Every structure is written in structure tokens, then in C-alpha cells.
Amino acid sequence: MFETLREEVLEANLELVRRGLVLYTFGNASGIDRKQGIVVIKPSGVPYETMKPSDLVAVDLNGRTIEGQLRPSADLPTHLILYREFPSIGGVAHTHSRMATAWAQAKREIPCFGTTHADYFCGPVPVTDPLTPDEISSDYEVNTGHAIARRFRGRDPESTPGVLVASHAPFTWGKTVTEAVHNSVVLEEIAHLAFYTITANSDCDQIARALHEKHFYRKHGGTAYYGQRKP
Amino acid sequence: MFETLREEVLEANLELVRRGLVLYTFGNASGIDRKQGIVVIKPSGVPYETMKPSDLVAVDLNGRTIEGQLRPSADLPTHLILYREFPSIGGVAHTHSRMATAWAQAKREIPCFGTTHADYFCGPVPVTDPLTPDEISSDYEVNTGHAIARRFRGRDPESTPGVLVASHAPFTWGKTVTEAVHNSVVLEEIAHLAFYTITANSDCDQIARALHEKHFYRKHGGTAYYGQRKP
Amino acid sequence: MFETLREEVLEANLELVRRGLVLYTFGNASGIDRKQGIVVIKPSGVPYETMKPSDLVAVDLNGRTIEGQLRPSADLPTHLILYREFPSIGGVAHTHSRMATAWAQAKREIPCFGTTHADYFCGPVPVTDPLTPDEISSDYEVNTGHAIARRFRGRDPESTPGVLVASHAPFTWGKTVTEAVHNSVVLEEIAHLAFYTITANSDCDQIARALHEKHFYRKHGGTAYYGQRKP
Amino acid sequence: MFETLREEVLEANLELVRRGLVLYTFGNASGIDRKQGIVVIKPSGVPYETMKPSDLVAVDLNGRTIEGQLRPSADLPTHLILYREFPSIGGVAHTHSRMATAWAQAKREIPCFGTTHADYFCGPVPVTDPLTPDEISSDYEVNTGHAIARRFRGRDPESTPGVLVASHAPFTWGKTVTEAVHNSVVLEEIAHLAFYTITANSDCDQIARALHEKHFYRKHGGTAYYGQRKP
């Protein structure tokens, strides 16, 4: 069961390796079958090099294993909260990619300085508030999900497809797990661009709002004209 | 038709990938057949991995498709303005290469600090003025071309073969599309060198004018003596 | 003799090359057979490309060669002190990996800014005090080992599996030589993350203690729940 | 004639490419046959990808071509001055490698902050004084050689096997062209280490003199004990 989703989720996880976003067994990506209420996710601490579709773990939205022999990723509870809070998403990716993680550690949101960022995020990349000691000591991964959701109150997860968890690292999402991983790759690039921008000009203004929206809506929504017409 | 130009333009676009200057479908390069008034450009949002010569789009100087089934790059209007304003160029390349884009986002021209830069650019790499909200909201890509052309009033595009578009990214050009891409590669390297130079010495002087011109004219014009004599 | 250990130590040394942590003949890794009191280490100044298991040198804990034709690594005396002072370790690795070495040269300990660091080091990565001129002029490599051991008085080498030797470079260790090299790779990544963090936010606070311990004990000790249950 | 030297010089030039120190046709390396007074050097502006031993140019110490159809590197006169001024060297390499060039552009000598540097350079990496406009306008490449030689008055080129030419880039040398290129690779690494060191600690002290000499003489001269005994 869930053959196609397993294969797509495996491929998305391997793409994290190919793009240089993960070291050893770091990182994880998952996809959801909304109709059946099933999430497929990478197993915890298993090397990417030998991972097979059947190693992935299928769980329900309460985190109970439905299919699979291995323990799911320790970050599964964070993924599950995101699927519940953001009903339009179909995939989640988490990495410790170098420069996005540095911004998360610096506890600075990534301002939008240019069109590369504006093509994907309709605003800065937000950073969560720190967890309290209580939130850390029990249900830590669940509370990480809640911290993300709190940060997105009044914000559309489709036009801001990722977040920096303070003192930790980025999570991204998308309509599919493939798109979630794509957004991880782009976020890492945006993080590099912004890092070198503030180093070269510490007083740099953010992009003008008109230009920001122009680029975002060149690629998104009904007025988009980037790419080929969908058949 | 335009077989040779199609192949050269495809090869130049693929060179952007091989040199690490583009991510996913970012970037685009075009070449012009001046006699026939035809520009061949990359299609919009098509993966480089599977791109064939026939996927490239041939347009006239008003942007009307003459040959090709796909939509041309969304940045085509900028290329067309450059071909009109700079009659001696034969190719244009646009990337979001990491360090040149960071300077563009920082809205700082790249000063010439050394001979690597001086070998290619006879002065700093200029940065455009920001577009007005009106220029952004209508004919944005055309107005990007005009902003570049304005920045080059009184400046020779042959001795300054590229520009940083403020809050966006670089454009480069050359006698051919191959040379335009070569200049994108060199501009990215120059941007790295200058970034590390100002970080190591924030008060660094620009290169002496005599040394700047010595190096530029060692490679360019009638007194050049770098390389082999052309047969 | 010591075939298995030789092969594991060779493989660990080659992993340093594959991970980009060493240049030319820089770096060295060793493993110990505690029962027999034998350490196997890389030979000094021999290219990695052609190194064979039989090129590795087996020495006793006084550094006398027991098996092998080549001179052992010049840093052997430092390894031997570490094996004596830290009885629970089974392998040691030394590199001049770029960013960890920069921190060692800057003589700054690496603060813990995030969970990637906390997953491996239960505190900052310490830096040794400088050696005195006398300690440098005689038994330099032995005294390097003592400087590390002094820095670890009152500190558990298992929860801090590496150190920066001031003005020099990192040493890491682990239960096996494979784990020691793994920790070298992770230390280099942590050093990168921290470098970009302090550059982006020079006043950045260290990670909250609760979060630091949460992540360390998610992976270590009896309450760990990262990875698969050991069979 | 000069077959062996041609092959060694070609191989050394190709090593510059493999190590990522040159872009396109940048850079050049040469070797000298001291008995015959012949220097073999890379031709000017020829792609590395297709270079053959017979493309290299053999010249005498006055720069007259003795063998070869192509123009020698435009930087040949600098190499020739170095061979005349430093009688003990057998090879010279010149690159625009990224970080060493940034230091050259910043016109800052590279202080010795650690043992990696001390293993190769017995002091900082010096930077030349700027050339005067007259020195630039005539015999520029010869005068570049003289500027290096002036900087080495009272300094031993064997214990300082390279230099940064102000506003330009590094030159390195060695007993052979292979060693000259090796020193270019190491200089680029040293330049990276020092760059990140000063960024992490802008007040960083240089390495203690005792440690500097300990490391240099661990690898050089009669008391060296790094590596294997020469048979």
C-alpha cells in the first residue's frame, strides 16, 4: 500500500542528499495522502545510501504506525502538527542546511532583499519564538509544530512556504513532498544571498513592496506568466 | 531554421548549469542573428536537463514568436531592449548567480580592486537605479531593459560587459551568446573576489587607474598581447 | 596481525579525504585495541591515494613500533596521551579542516548556538590554553596531548568528543576510529554554522540550556529516542 | 627536446585546474632546466582542456623562444626575473585563486595564525609595494618581477615560497614546478584559514614565534622529522 507515495517520499528524501542539504542521517521529508489520512515519512537515523521504499513508515495523523517495521523520524510529531494546521499542504521537509540553519541560530528572520526571494516567499522568512523550558521537556516535537503554527497566525502558509525554528533549523512545505524539498533548496539559496547581502551592506533596505509582489505574482496565482501554460 | 544559432544558444544555456550559476529553471541566455533580426532564447520554466534545440524560441525584435512551440523566457523583453540599445552585442545572459546577486541586492556597484576584474571590465560593475512603482506594474521586463540602458548612457557596453539590476541580479552580454555566458562566469568570480576583499579590508582602495587600463588593454583592442595571434 | 583494526583505521583515514577534511598528507586517524594495548595509526607524510592497510603502523602505548615499516604520524604522541587520559575512547582523528581550524586559530571556543551542535556536544567546543615555549621546544606532541587533557579536567570526553588546539587545529575522538572521524565531519559543520551565525548576529545568545540538553539526550544515553532500537 | 620538463610542466598546469585554482585560461606554471638555461612555460590564452606537451613553449632566460609554435604566457617576464633573482628555485606558479587573490587585492600580508601556515611559510605571506605608473606603462611584467624581488631583499625565498602581488594575485615557487603548484594550493588554503580567523576574531594575535618555528622546522631542514626518511 501507499506504493506511489512511498516512492515519491523516498525520492524527495534522496534529493535532499543530492542537493547537499543533509549530512549523514540528518533531515527528513514526508508526504500525506489526505484522502486516507496517511503520512509517509523517513525512518529515524537510517542511512540514505541504502534506504528502500519499504523502509519508509506510514502513520496515521495521530502518529500510529500503519505500515512499516522501523521507527519513524523523531521529528514526525512536528510534521503532523503542520499537516493539521495547514490543510492545503501535501509535503513537509526539514533539513539542517548550512546557511538557513545559521539564520535560525542567529534568530533573525531573513529579510527579502531581492527577486529570487520574492519569487518564492511573499514576505520575509519568519523565525519562531523560543520554546519555554516546559515545552521543551515534554512533547518537544509537538510543541515545535505549535510554535510554527503560532508564528503563522494571520499568515498564509502557501505564500510563505517555510520557517526558521529558532536555535534549530528550517522546515519547508509545499503542495507535494517534491515541492517541499524544492522549497528547502531555494530557501538555502535565499539564505546565502541574504547573508552575503547584509555582509556587503549592513544597512541594506528590503526590496520595494511593488517589486516583491510583482515577482511573487509573476510565478503564483491567476496572473502568473512565468513558465509554460499548464495543458 | 536558425539551427546553428539554436545549438549555440542551447549550449550556452547548459554552460550556465555546468558552471553552477543557475538553480532549477533560473537564468536564461539568448543570441541574435542581426541580419535576419531574429533572437533565439531559452523557453520559460523548462528544465535544463531535458532541453532540446527545438525547445528554444525564435522571436523577432518585437518579441513575436517566429518559430517554436513554447513560451519564451519571461525576461525576453529585457533582452530585446539590450539588443536594440547595444547594437554591437550578439548575446545576452541573465543569472541569479550567488555573489553577483548579493551585490545587486546590496545595491552596491562592484569596485575594481584587482587585475582579474580589470581584465574584463574597464571600470566598476555598475548597478541600475531602482524602478518606480509604475515601471514595475506595467511592462516590468521592458522597463528593466530601459533602466540598464539609462545606466549605460555615456558608457561603452563593450568595455563594461555586464550590469547589476538593483534588488534583482546580473545581466551580461558579449559579441556572441557564448561570450555573454563567459562574462557571467567571470562576473561571478569578480563578485567573490570583491566580497572577500572588502571583508578583509573595508577601506580598500580601488586599483590604480594605470594598472586597470594596462590589464584591460593587455586583453582588448589593437594593443592587446594576451593570447595567440588570430590567424 | 591487527588486520581488522588496520582496515578500519585505513577506511577512516580515507573517509577524511572523501569528506574534504584533509589536503595532501594532512590529518591522521588512529584506533586502539584496548585488550592488547596496541594503537594503529596512519604513517607520516604518505599520500592517501596509494595507502594500503600494511602501510599503517601498529605501536604500543609507549609509541614503540610493533608492526610496520614506516614512521608513524608525527602526531602519534598526542594520540597516545589521549588514549591514556580518556580510557573510554577507541579512536582519535586530527584534521586541519577549514572552519574548525579557523576557530582554533582565532582561539575562540565554539559556542553552542543550535541543535545541530547540541546533538553531538553537550557544551561548547573547548579550546586549549597555549603551550609555553618550553612545552613547544621539547616533547611538543606529548605536551599538546597534555594541554588537551588539562582542558578536560572536570569535563567528560564522551559528552564533548573534540577540542580545538589553540593556533593549531581540531582533534576529535569516539568509541571507534570510525566514530572519531564522524565527529570530525560534524565538528567542521558545527564550526561553519557557528561562523555564519556570529557573522549574521554578533550578539547571538547561546542555545537555551534546556534545549541543549533535550537534543543531546535525544541522541545519547538511556533516554535516547533518535534512531532505531539496537537489536 | 625537454620532453620530461614539458611533461612535468604540463602536468603541473593541469593540476591547477584540478585543484580549482584557475578559471578558463587564467594562471600559468613554468619549470626551469638550470643546466641548459631553458624555461618551459604554458602558452598564452590556450584552453587547458586540449593542451598538449608540444604546446608548451621553451624559452631561454632572455625570453627568446627556443622551441614551440605558440606565444608564451604574457606573464613569462615575471617568471624569468624570479628565476634570475632566486637561484635555488626550479618552478614558478601564478594563479588568481580566489582567497589569495582577495588578500592581494586587499593589499594585506597574510599573518601567520596557525600551524598550517607555519608548516610552509616561516613568516607572513608578504605583499608587494604597488608599481609606479611608469613601471606599469613599460615592461609591466618585468617590473612585477622586480617588485617581488625587492620585497624579498633580506628574506629567504625558500622559507617564504610565495608572495601576493598588490592589486593582482599570488605567485608561488619551489624546487620544481610540481612543488610550486603544491605551494599555490597550500597558499589558497592558508588564505582561507586566515580570512575566517580574522572575521571570527578581528584582534587575533599571530602564532607564537616558538610554535611557528617548531612547525616550520618539523618539516624543513636537517632537524625535520615529518614524513618518511629519504632512502
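In this document, chain identifiers A, B, C and D correspond to the written order of the chains, with residue numbering beginning at 1 in each.
What we mean here is this: a contact is a pair of C-beta atoms (placed from the backbone, for glycine too) under 8 Å apart; a residue touches a chain by one contact, two chains touch by 3 or more.
None of the values given here were measured: they were computed from a predicted structure.
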item	value
Chains touching both subunit B and subunit D, listed by label	none
Angle of the C-alpha superposing rotation, subunit C to subunit D, to the nearest 5 degrees	90
Shared interface numbering between subunit C and subunit A [over half = same, under half = different]	different
Of all other chains, the one whose Cα centre sits farthest from subunit B	C
Inter-chain centre distance, subunit A versus subunit B - centres from mean C-alpha coordinates, in Å	33
Centre distance in Å when subunit B and subunit C are each reduced to the mean of their C-alpha atoms	46
Interface hub residues of subunit D, defined as touching at least two other chains	199
Chain-chain contacts as defined at top	A-B, A-C, B-D, C-D
Residues of subunit D touching subunit C in the complex	113-116, 182, 185-186, 189, 192-194, 196-197, 199-201, 204-205, 207-208, 210-211, 214, 218, 225-229
Subunit C-touching residues of subunit A, taken from the complex the two chains share	23-26, 43-46, 70-71, 74, 96, 98-99, 101-108, 130-131, 133, 136-137, 140, 167-169, 195, 198-199
